[in-house]
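Two complexes are shown next, each including subunit A; its partner changes from subunit B in the first to subunit C in the second.
And now, the complex of A and B:
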């Protein structure tokens, strides 16, 4: 156990991860998309707490959004979207960051032992010292979140402020949110609160309001209350995120088949040597006759 | 004494019989560049593929080091394999008698049963190995590029590449296990073909009778 409060539950490319023994609640962030006003206080708080000032000037795209997409040093982005939802234009704003999946695709795909860890409290964290920079995690992630740093070729993303959480504090973004749209607590508490918000929204006419806690990755530790719950895409959230089938195949059955073929090949060669023996050169009768 | 000589595993030339040149210096240099780069690619690749074998990464300088070097060595492998490919591709074509040989491969493996058709410069097993490595090489190279620069490729391309890279490398490694076995202990006398460049006349007659006869006819030996 490295840090008290951050006991480990799962480690990339490691078979027998030491499961922590203390009883730690599963922590979760809730984002209520019906009360987000797009003020970007969370973006600033994230940059500030993590000491990640902007180091690049982006060409202005002419919009509200700070930068076009998440970056290695920008882990929390409000994405603004204009969509036609059938009865008029909808202007959406939604906070994007690592979802801290219960079954993290990045961790499954990572080949470097200890580069990605999942704590017992549910946070998925990157350990840059062990990262080799292959970016398999980017391919394994159904939400397209991790980003390689051009400075050191290591991968970064939102830590859910694991350092603050370990010390009993809420993440920086939560602390900064002025509307209460961001909440932090245990998963049970927040699901309860989310259901309450969904009921309220439905009574106000958002009949499709729902909680976004995608089952394809066994749920996430960042959940949303979505007014148009039947269309999370209008907020830029994937409708049915799951670990890509090719990643599961690659890290699962193909590995077994591959090791069987390789070990089988070596064994077959050795057995051939021991049973039938090598292909000996035949004595040359012509040569003998000549002598 | 003669009897002893005949069964010894390292055939030596009979007195008065010169060894035959099998691979030119150029062929050998190319082969060993291909071989060394392939072995590096295999070891570093296995370290990244099987967490159980990650310790190989430490032997090769650590995970980040192999992540950086693997693609460059891959480029060396691909280029040198291409240099090896063109001069050999014609002698590697499979003919009807090769298929006949392959149908009876079990007799070859067990050294008993049918007498097999005479073999030219390369036997059908070697030919298949050549084409296996050529096609795996192309697949590995093509699928390796998105793994080298993942930022430049779409999600789907990266997914298909990882998958292809892995299937092709498994096939190539299966091939190389057989090849290394046959090239070292499996067929005594063949390693010298790739080291000194020469084989004994008996070796040539035993394993590549048609090739041997052709050289005789041409008066090369």
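And now, the complex of A and C:
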């Protein structure tokens, strides 16, 4: 299926995949946390476009958040964080969804061939048909995004509307955003726009304003403009996200060591057979009687 | 067939041989999500909620052929609309559920004075009832001359409001009606 931009760039647990060769723009979403008003239009647009069934809403004590967390049928959440910074309350609401990492931990951890793919346009997508429901991706994700469905035991998350992007449209959340807080474009364009926003914020007194594009996962295809850039944790963003060391170890050196041991075992068995021959069953043993 | 150790080994060996000969047992990786609005019919409309009056595009399944009953599958902002340029608020973004909804009103409901429940009634009944109330109220409160004896012909007991989703033409007619009744208190938002 060669749709431009949706050629496979990386794929889980598959050694010989037909990887795409075309060079297409790397698409990115920018979230300007200084202009988000927490209206939840992105949440609704996401659910509407993806035909996700609605759950009951809840009302947290004193807060504006009506859905507690991301879910298998809820891929885009605005967290209404409230932080006391010493001289007052900071209302640091922030949109959360899959970050579409350049080096995705979920894909690194996934053992199911073709269940997680990274397209040439940068989107990381789950292919539920190939998912085996092991939830290794949940362990591998530094941002705690994948959610398993109790209905079919498959994991789900934001697709960055790969269907819309492949057809030349922008993701549903970005189209809906009424304040222009969400922007869509190539990574280069949005980094430039982000730097412009950071300069503006700094001139208005947010001296720590910064772009959130964590190098621990080689950058992401969802970047943030953060007014308090020295403390991304107040927005619920991890300060230095990395793929868990256990996942890297187990998918890297341990895999080679394990394969070597297994191959050694098979070779040893073969050598044993050649040296000593097959086991001889004496007629007086009770194997026959048992059958 | 008796399943012995020997037949199991044979089966395993032939399976391994088949795989080795190029029968790939790994799942196919070709995958792409289909665009759900690729061939839908697009209809322009206006969001009915607030007075900002954002432009929306309603996507219906099917190509409007005679034999097709349209179903709304998606509603999104109209990028060519000067007011919202494609954006929508959460209420506008959920418009599909305003159209495709069990609880949507499709017939006029009437609650009689003093009653505690709503009855389904016909449009004829509703229009006659509104006309009767307007006529009765106007007859009762009509002011022909003010205190100085000047002719004013005012109907001060009735007010009329034109909504933001009414077109300019509709609002024009509403103003005509209001003037003809002698209404003083009326307003409308004609800009569509």
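Throughout what follows, the second predicted complex is superposed on the first by the 254 of 291 C-alpha atoms of A that agree within 3 Å, B and C clash if a C-alpha of one lies under 4 Å from a C-alpha of the other, contacts with A are read in each partner's own complex, and residues count from 1 in each chain.
Everything below uses one rule, namely that a contact is a pair of C-beta atoms (placed from the backbone, for glycine too) under 8 Å apart; a residue touches a chain by one contact, two chains touch by 3 or more.
Every value quoted in this text rests on a predicted model; they were computed, and no experiment measured them.
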| item | value |
| --- | --- |
| Contacts of A:14 with subunit B and subunit C, given as first, second, both or neither | both |
| Subunit A residues touched - subunit C or subunit B, whichever exceeds | B |
| Contacts of A:113 with subunit B and subunit C, given as first, second, both or neither | both |
| Partner chain in contact with A:258 - subunit B first, subunit C second, else both or neither | first |
| Which superposed partner A:67 touches (first subunit B, second subunit C, both, neither) | neither |
| Touched partner set for A:269, first subunit B, second subunit C, both or neither | first |
| Touched partner set for A:127, first subunit B, second subunit C, both or neither | second |
| Touching partner for A:52 - first (subunit B), second (subunit C), both, neither | neither |
| First, second, both or neither for A:247, with subunit B first and subunit C second | first |
| Subunit B versus subunit C as contact partner of A:166, first or second or both or neither | second |
| On subunit A, positions contacted by subunit B and by subunit C | 14, 113, 130 |
| Complex contacts: residues of subunit A adjacent to subunit B | 13-15, 111-113, 130-136, 138-139, 144, 148, 153, 244, 246-247, 249-250, 254-255, 257-259, 261-262, 265-266, 269, 272-273, 276-284, 287-288, 291 |
| Residues on subunit C engaged by subunit A in the complex (per definition of touch) | 26-36, 38, 74-77, 79, 84, 86-90, 92-94, 96-97 |
| Subunit C partner contacts - residues on subunit A that touch it in the complex | 1, 3, 6, 8, 11, 14, 17-18, 39-41, 43-45, 48-49, 51, 113-114, 117, 125, 127, 129-130, 159, 162-164, 166-167, 169, 172, 175-178, 180 |
| Contact footprint of subunit A on subunit B as seen in their complex | 2, 6-7, 9, 11, 14-15, 17, 48-52, 54, 62-64, 66-67, 109-111, 147, 150-151, 155, 158-160, 162-163, 166-167, 170, 173-174, 177-178, 181-182, 185-189, 200-203, 205-207 |
